[in-house]
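In the two assemblies presented below, chain A is common to both, partnered first by chain B and then by chain C.
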Partner chain A sequence: MLDLALSSMLSPVYLLAQEPAAEEVVKEAFKFSSLANQVLNGFGIVGILLLTALGLAITFGVMRIINLAHGEFIMLGAYITFWMQDTFNMDLLMTIPFAFVGTAIVGAIVELTIIRRLYGRPLETLLATWGLSIVLQGVIKLIFTAQLKYVKAPSYLSGGIDLLKDEAGSPLVSISYYRTFIIVVALALLAITMFLFYGTSWGRQIRAVTQNRSMAQCLGVNTKLVDMGTFAYGCGLAGIAGAVISALKTVAPPMGQDYLVDSWMVVVTGGVDKLIGILAGAFLIGESNAVLAFFLNDPTARVLVLGAVIVLIRYRPEGLFTVQKRT
Partner chain B sequence: MRLKGLIVCVVKENKIKMSKSPIISSGFSRRKFLQYSSLAAGTSILAACTGGGSGGGDSADLGENPIKVGVLYSTTGTIAIVEKSLQDATFLAIDQINNGTGPWEANGAGISGRKIQSVVVNPNSDWDLYNQMAKRLIDEDQVVCVLGCYTSASRKSVLPVFEEKDSILYYPVYYEGNECSSNVFYTGAAPNQQITDSIPYSFENFGPKGFFIGSDYIYPKESNRIAIAELEKAGGQAVGDEYAALGTTEFITIINKIKAASPDFVLSNLVGDSIPAFYRQFKDAGLNAEDLPIMAYPTTEEEIQAMGPEYSAGHYTSFNYFQSVETPENEAFVSQFKEMFGDDRVTNGVMEAAYIQTFFMAQAMKDILEAGDEITTETLREATRGQEFNAPQGRVKVDPDNYHAYLYSRIGKWKEDGQAEIVFATDAAVKPIPWSQALYKGRMCVHPVPDDRSDPTKETGKELVPEFL
Partner chain C sequence: MSNVVMGYKQSTFPKKLAIVSGIILLAFVILPFMVGSFQLSLMSKLLLFGALAVSLDLVWGFTGILSFAHGVFFTLGGYAVAYYLKLNLSAENNNYGGDIPDFMVWNGLEVLPWFIAPLKYFPVAFLAMIGVPALFAYITGSFIFRSKVSGVYITIITLALSSALTTFFISQQAYTGGTNGITDVSKLSVFGMVIPPVGLYFLILAYTAFVVALAWWLTQSNFGLILRSINENENRISFLGYDVAQYKIFVWTLSAALAGVAGGLFVPLNRFISPVYLAVAFGTQVVIWVAIGGRGTIVGPLAAAMILGQVQNSAERVTQDWNLIVGILLLVVVLFIPNGLMSLVPKKFSLSNLSKPKPMPETVVKPVAPSVSEPQPEPVQRGS
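Right after this comes the complex of A and B.
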C-alpha cells in the first residue's frame, strides 16, 4: 500500500524526468483554460459531496448518531429510482419524491426498532448501524441480484453549458447540464433544510431536544416523535442523493461505501454544529481534490486530502464552523 | 463442513477487530470490549460466510464417489458483480456435465459415471481471504483442483498456496501475462491475444496518439505498460497514463485531462463498477465516440447493459468472445445460459472462459478415468495439456507447453442494441505467448514432459511470431 502510494506519487516526476514527449504534454495540461475547466468541474464534485453529505449532517451533525449505514440509504434511493423506472417507465425527476418517501419510511422503521434503544450510547450505535449496512446490502442483493443496474438519465439534461470555446468551436471551459442540475438540487435541499431547522417550530423542537433532552421533555416536546421524524428526514435526504446520482454513477449493492467515507470527511471538516459547515466542507474537499488531482493524479490527491483532514481534526476537533458551548 | 468455514472466519475477523477496537474504545471496560468484538465478529461472519460451503444449487443426488472440485469466487464485496457471473457460468458447465446435456451430451451423465461435487466458498472480495479459502479447499475439503479467481491481485494471493501444496487452479481471466506456473491453467487471454492486435488496429484506424487509463492495481498497470510498448513499437505515442482507485465513480478529472491532451483514442483498463460511471461521464462531458473512441479490454456486454447502450455505441472492446459471435456452439451456450439464469442476462468473454475451462477440466478427468488412473495433481496436469474443445468462440486448445489457451482474437464495435459488431477477428485461435514480445523479446515458456516443476522460461533472443491452431 505504501509502496503503491509512493510510486503513484512519484509518477509525474518520473514522467517529467524520463520522457521528453510527456513533458510537453504536462506543459500543455497546465494551460490556463484547462485549469479553469477543472475548477469549474470541481463544483460538480462539490455538488455531489454536498448532496450525499446532507443526510449525514442531519443524522450525525444534529442527532449525534454515528450512522455507518448512511451509504446504504443512498443506495436504497438509487434502487428505488431504478425499480420505478424499470416497472413504471418513469422519468428520473418523477422518481425523486418516491425515493425520499421510501428511504424516509425505512429510516423511521430503523429508528423505531434499533436507534431508539441506543441513544446516548455511540459505540453501540456504531456497531448496530454497521451491522445494518451489511444487512441492507444483503437484502438488496437478494432482491435485485449483484448485477450493476441501469438508470436512464432524462434526455433534456444531456449536453452542457460552454463558457469558453476555441477557434474551432470545441468547448474549452464547459460543465454538463446534469452536473449543474446536481449542484442546484444540492443547494436547494440545503436551503430547505436550513429553513426547516432555523425557521419553523419543528426545527426549534429538534434543536431543543438535541441540546437538552430532559428539559425539552419537561416542556412538553414529544421527543420520541421528534427523534423519529428527524432521523427519517435525514435518511430521506440520502435517498434523494441516491436517486439523483444514480444516472451519473453506478448502481450496485456496495455503491454506498464510496459515499460514506466522503460524507464523513465533509461533515467532520465542516463542523458538526452548523448546517452551513457542510457547504464549506464540501467546497474545500471537492475543489482541493479536483485541483490536486489535476496536477498530480487521483489516488495521490485522495491521500493528500485525507491527510489534510486528519491534520485539521487534530488541531480543530470540532471542525471549521463551531459554536462556543458551555460544558 | 460449513462449521469449519465459520471457524476460519471467526479467527480471522476477530483478529482484525481486536486490533481495531481499542482506537475507538476510550474508557470502557474490558468486558464490554469483549462483548463488542464478539458482536463485530458475528456480523462479519454473516457477511463473509453466507453461502460458504454449500454445493452451488445442485443439491441433487451426486451418486457414488463424486469428484470434489473447489469453486472460488466472491459473491459479496466490490468484485462480486463480475465474479458472481463467473460462478454462474461455472455452475452451468458443472450442471451440464453432471446431467449429460449441452456440449457434454455425447459423454452421458457425469465423468465416466462419477459426478462433480462443487465445494463453493466466498472470499468476500478480500485478497487475504482468497489465500485462506484456497488453503481450506485443498487441506480440509481435499478437492482435486480449484476453478476460480478474477483479479490478478487474488491470483497472486493464492498462487503460493497452489505451488506449495502442489494443487491445480484453473484461472479464467484475460490477464497481464508475465507468469507461467506449473500449477495454473490460464484459460483467459494472454497479452498477445488481446493487446497485440488491438493496438495496431487503433493506431491504423484512429491515429497515433493514445491516452491510457485504468484502475489502480496490478492488472491495469501492467496491461497498459504492455500496450504503451506496443503502441510505441507501432510508431505511436502515449499522451497520458492515468489511474483511478478501484471502485471510483468520479471521473471528471481524468476526462478533463483527456480533453487537455487531445488524443486520437483512449485505451481503458478500468474494471468493475468504475466502467459504467466512466462511459456515462465521458459522454456527459461532451466527448463522443466518433471523434474520440474508447478501446477497452474489461468492458463487456455485462457493463454495457448496466451503463445503457446509448453511452457505449461506437466504442470498441477487444476480446476473444462476444455474445454476438456466430457459431452453433455459441447459440446453444447463450440460450442455455438464459434458460438457467433468466432472459434478461447477457453472456460475456470472461464468463465464456469460465465455462470452457470447466470442460477442459472435465475432459482431462474423463481421459484419466478411462485410462484407469486416479485423479491426482500429476495426472490431471498431464491430461489437461493439449485438451481441445469446441467452445462458443470457436475451436480452442490448451497449449501443452505453457498451459495458456489458444484463443481467438476479436475486436467488437458496440452497437445501439448493446451487442458488438465484430470488426476484426483472426481466422483461427492464436497460440498464447505469456510474455509481451514488445517488452520481453524472445522470452517463452515451455514446461517439460512430464512436468517436473522446474523453471519453464526460455530465452530465444528472437521475437516470437504469431502461430495459429
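Right after this comes the complex of A and C.
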C-alpha cells in the first residue's frame, strides 16, 4: 500500500529513523544487519516503554485509578534530575533516588487531596487527573519557564557495544550503553516491584485491599494508608522513569504527554492482572513498532500498532495475558 | 438534571423557554453591530466551539460516553471544507502555478489524488463535511459499542483514535499538508460573491442555534429519555428490550456529524486547519467545556465554551499561564461541583424547568407512553 516513494517525502525526523532502511539497497548482507539493528533498537524502545509504564501498572493496574497525570509524574522526575544536576552538578545516577522520593511525595499529596475523594468514580477520576496534569504542567512552566532543558548523561554510559563488525571494522550491529542501561533499570525495577508485591506483607496488604476493600478493612488493614503508599510508590516509579529518560530527550513541560498514550497502551495490552503482563505488553508494542518501522516507516508503524491496540481493547479489554475468572 | 416524565401536556408549546431563548437569540443577532471585527470573529469562533461542546454533551452528558475524539470529528469536517476552499482558490491568489494545491506541489505530487479531486465541487464537499465524520463515527461506533467494552475503556479507545489519526495526518504530508495542515484557503463565496465576516457570523449563529434546538428537541423526546436511561442503568434498559448499542451508535454518529459541520464552518473563519485540532489536547478542551459547564445541560457547555473563550482572550493579555487557571478550575469543578457550573444556577431558572409544562394535578392518571418510565413512577431528582 504505502510504497517507498512515500517515505522519501517524509520530514527529516522520520528520515533519520529510516537510516537502516536506506542501507538495504546496497547489499543483501546489509539487510540482515540493519534488521538486526532495528530489532535491537526495538529493545531500547521496549526498555523505555517498560520503564514509563511501570508506574501506571501500579496506579491503574493494581489500584484501578484512571491516572491521566501519569506523564506529568514522569516530567516531574525529569525536572528533579535537571534541577539537581543544574544546581549541585550531580551525576544523573545519583539523582535517581531523589527523583523517586520527590515524585512519591507529590503523589502522596495528590492522593490525599484529590484521588481519595473520587474512589469508585472512574470518569471523575479521569477528569480530575487530567486537570491535575494541566496544573502540574502550568506550575512547572511557572518555575522553570517553557524553555527546553538538557540533562547530561554520565560519560561512562556514552558509546555502545558493537555486536557485529564488517571487514573494515565499522560497526554493523550495535546497541548503545545508555539503552542497555535503561533496559537494566527497567527490569530491575520490575523485579523489585514484583518482590514488594508478592514477597512482603505490604504487598499482601495491597493485594488484599484491591481484592476486597471492606474485608481488608475489617481485618485491620489501614486501607487509607495502603492506598496512599501504593499511589505514592507508583508515582515514584514514574519519577525514576523521568530521571532516566531525561538524558535521552529534551526536558520540557509537555514532555509527559508523549509517554501517556504509550504507557496506557502497554498496560492495557499486557493486562492488569499480573505485573509481569506489562513486560509482555512493552515487548509486543516496542518490537512490533520497531520491526514495522523497518519495513514501512515510523508513523505508519505507530498508526498500525495503535490500531491493533484498539482492536485488542475491543475484543479483550482485560488485556492479552489475563486469565479469565468467574466473578 | 432531572428526569422528565412525559405527560400528555408535553406537546404544549414551552412558552417561557421560547421567550427566553428568543431574547438570547436576539442579543446575538444585534451583537455584530455593537462590536469590532476582532470580537466578531472571536464570537463566531466561540459559537462554533459552543456547538462542538453541545455535540459532545449529547454523547457524554446524556448517554454517558466520554469521548476525547470530538476534536477528530471536528477536524475531519474541517479538512473536507479546507480542500474545497483550497481547490477553488481564485487564479490571482494562486501564485505557485498549476491546478493542485501548493503543499502537494512541494511534496512532489503531480496529479491531484482521485479521492481529493471531487472535493472541488461544492455539493461533494458539503456531503463530505457531514458524511466523512459521520461515516468514521459509524464505523468506529459499531465496532466499539457492539461489545462488552464499557466506560473507561471506550474513553481510552477514543484517546488512541485521536493519537493515531494525528500521527497519520502529520505523516501523510503530501496529502494533508503535514504539521502545517491546509493554509491560505480562499474565502467562502456564494455564486461568486465572497461572504463578509458578518455573513459568516450569521451563518454560524444559525448553525449553533440549530444544534442547540436539535439537541433540546432530541433530549426532550422519548429518544432522549432512552439515552438518559442508558446513562443511568444500561442493563435495565436492555432488559426492557431496547437495543442499547443501536441507540449509542446513532447518537455517536449524529454527534460526529454535528461536530463535523462545526469544523467545516470553522475553516472559512479560521482560514486554515491543521492536525492541532486532531490532537488529544483539543479533544480535551471540548471535554473541559462540557465538564465545567455541566453535563446533561445544553446551555451549560455552550455557555462554558463561550465564557471561557472570552476570559481566555482577556487573560492572555496579562498572563501566559491561562492553562494553569483552566486546570485549577477543572479540578475545583470535578471535586466540588460534580454537575458543573450550571448546577449552581437556581432550579427556578434552569432550562429543564423552563421547558417543563405546568405540574399536573396529582389526581390525573398519567397516560405514560414510554414504558421506560414505569420502573420510576415519580420524577427522581438526581444530584443536588
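One rule holds for everything that comes next: the second predicted complex is superposed on the first by the 294 of 327 C-alpha atoms of A that agree within 3 Å, B and C clash if a C-alpha of one lies under 4 Å from a C-alpha of the other, contacts with A are read in each partner's own complex, and residues count from 1 in each chain.
The criterion applied here is as follows: a residue touches a chain if its C-beta (ideal position, glycine included) is under 8 Å from a C-beta of that chain, and two chains touch if they have at least 3 such contacts.
What you see is a predicted model, and the numbers here were worked out from it, not measured in a lab.
For the composite obtained by overlaying on chain A, chain B and chain C cannot both be accommodated without a clash.
Contacts of A:302 after superposition on the shared chain: both chain B and chain C are touched.
In the superposition on chain A, A:314 contacts chain C only, with no contact to chain B. Contacts of A:222 after superposition: neither chain B nor chain C is touched. Of the two partner chains placed by the overlay, neither chain B nor chain C lies in contact with A:200.
In the superposition on chain A, A:149 contacts chain B only, with no contact to chain C. Touch criterion not met for A:212: it reaches neither chain B nor chain C. Once the two complexes are laid over each other on the shared chain, residue contacts for A:117 go to chain C alone; chain B is not touched.
Of the two partner chains, chain C is the only one that A:261 touches; chain B does not reach it.
By the touch criterion stated above, A:139 is placed in contact with chain C alone, chain B being left untouched.
Comparing chain C and chain B on the residues of chain A they touch gives the larger count to B.
Of the candidate stretches 98-106, 134-142, 422-430 or 440-448 in chain B, only 134-142 runs into chain C once the two complexes are overlaid on chain A.
Within chain A, the residues touching chain B in one complex and chain C in the other are 11, 123, 126-127, 130-131, 134, 137-138, 141, 257, 297-299, 302. Note for the complex: chain B touches chain A at residues 24-25, 28, 36, 39-40, 43, 46-47, 50, 75-78, 80-81, 84-85, 216, 237-245, 247-250, 252-254, 256-257, 259-261, 273-277, 280-281, 283-286, 302-303, 305-308, 345. For chain A in complex with chain B, the touching residues are 4, 8, 11, 15, 21-22, 25, 28-29, 31, 34, 37-38, 41, 44-45, 48, 123, 126-127, 130-131, 134, 137-138, 141, 145-150, 152-153, 158-160, 171, 174, 176, 178-179, 247-255, 257-258, 290, 293-294, 297-299, 301-302. Interface residues of chain C facing chain A in the complex, by the touch rule stated above, are 66, 107-108, 143-144, 147-149, 151-153, 155-157, 159-161, 163-164, 167-168, 170-171, 173-174, 178, 280-281, 284, 287-288, 291, 320-321, 323-331, 334-335, 338. On the chain A side of its complex with chain C, the touching residues are 6, 9-11, 14, 66, 114, 117-118, 122-124, 126-128, 130-135, 137-139, 141-142, 257, 261, 264-265, 268, 297-300, 302-303, 306-307, 309-310, 313-315, 317.
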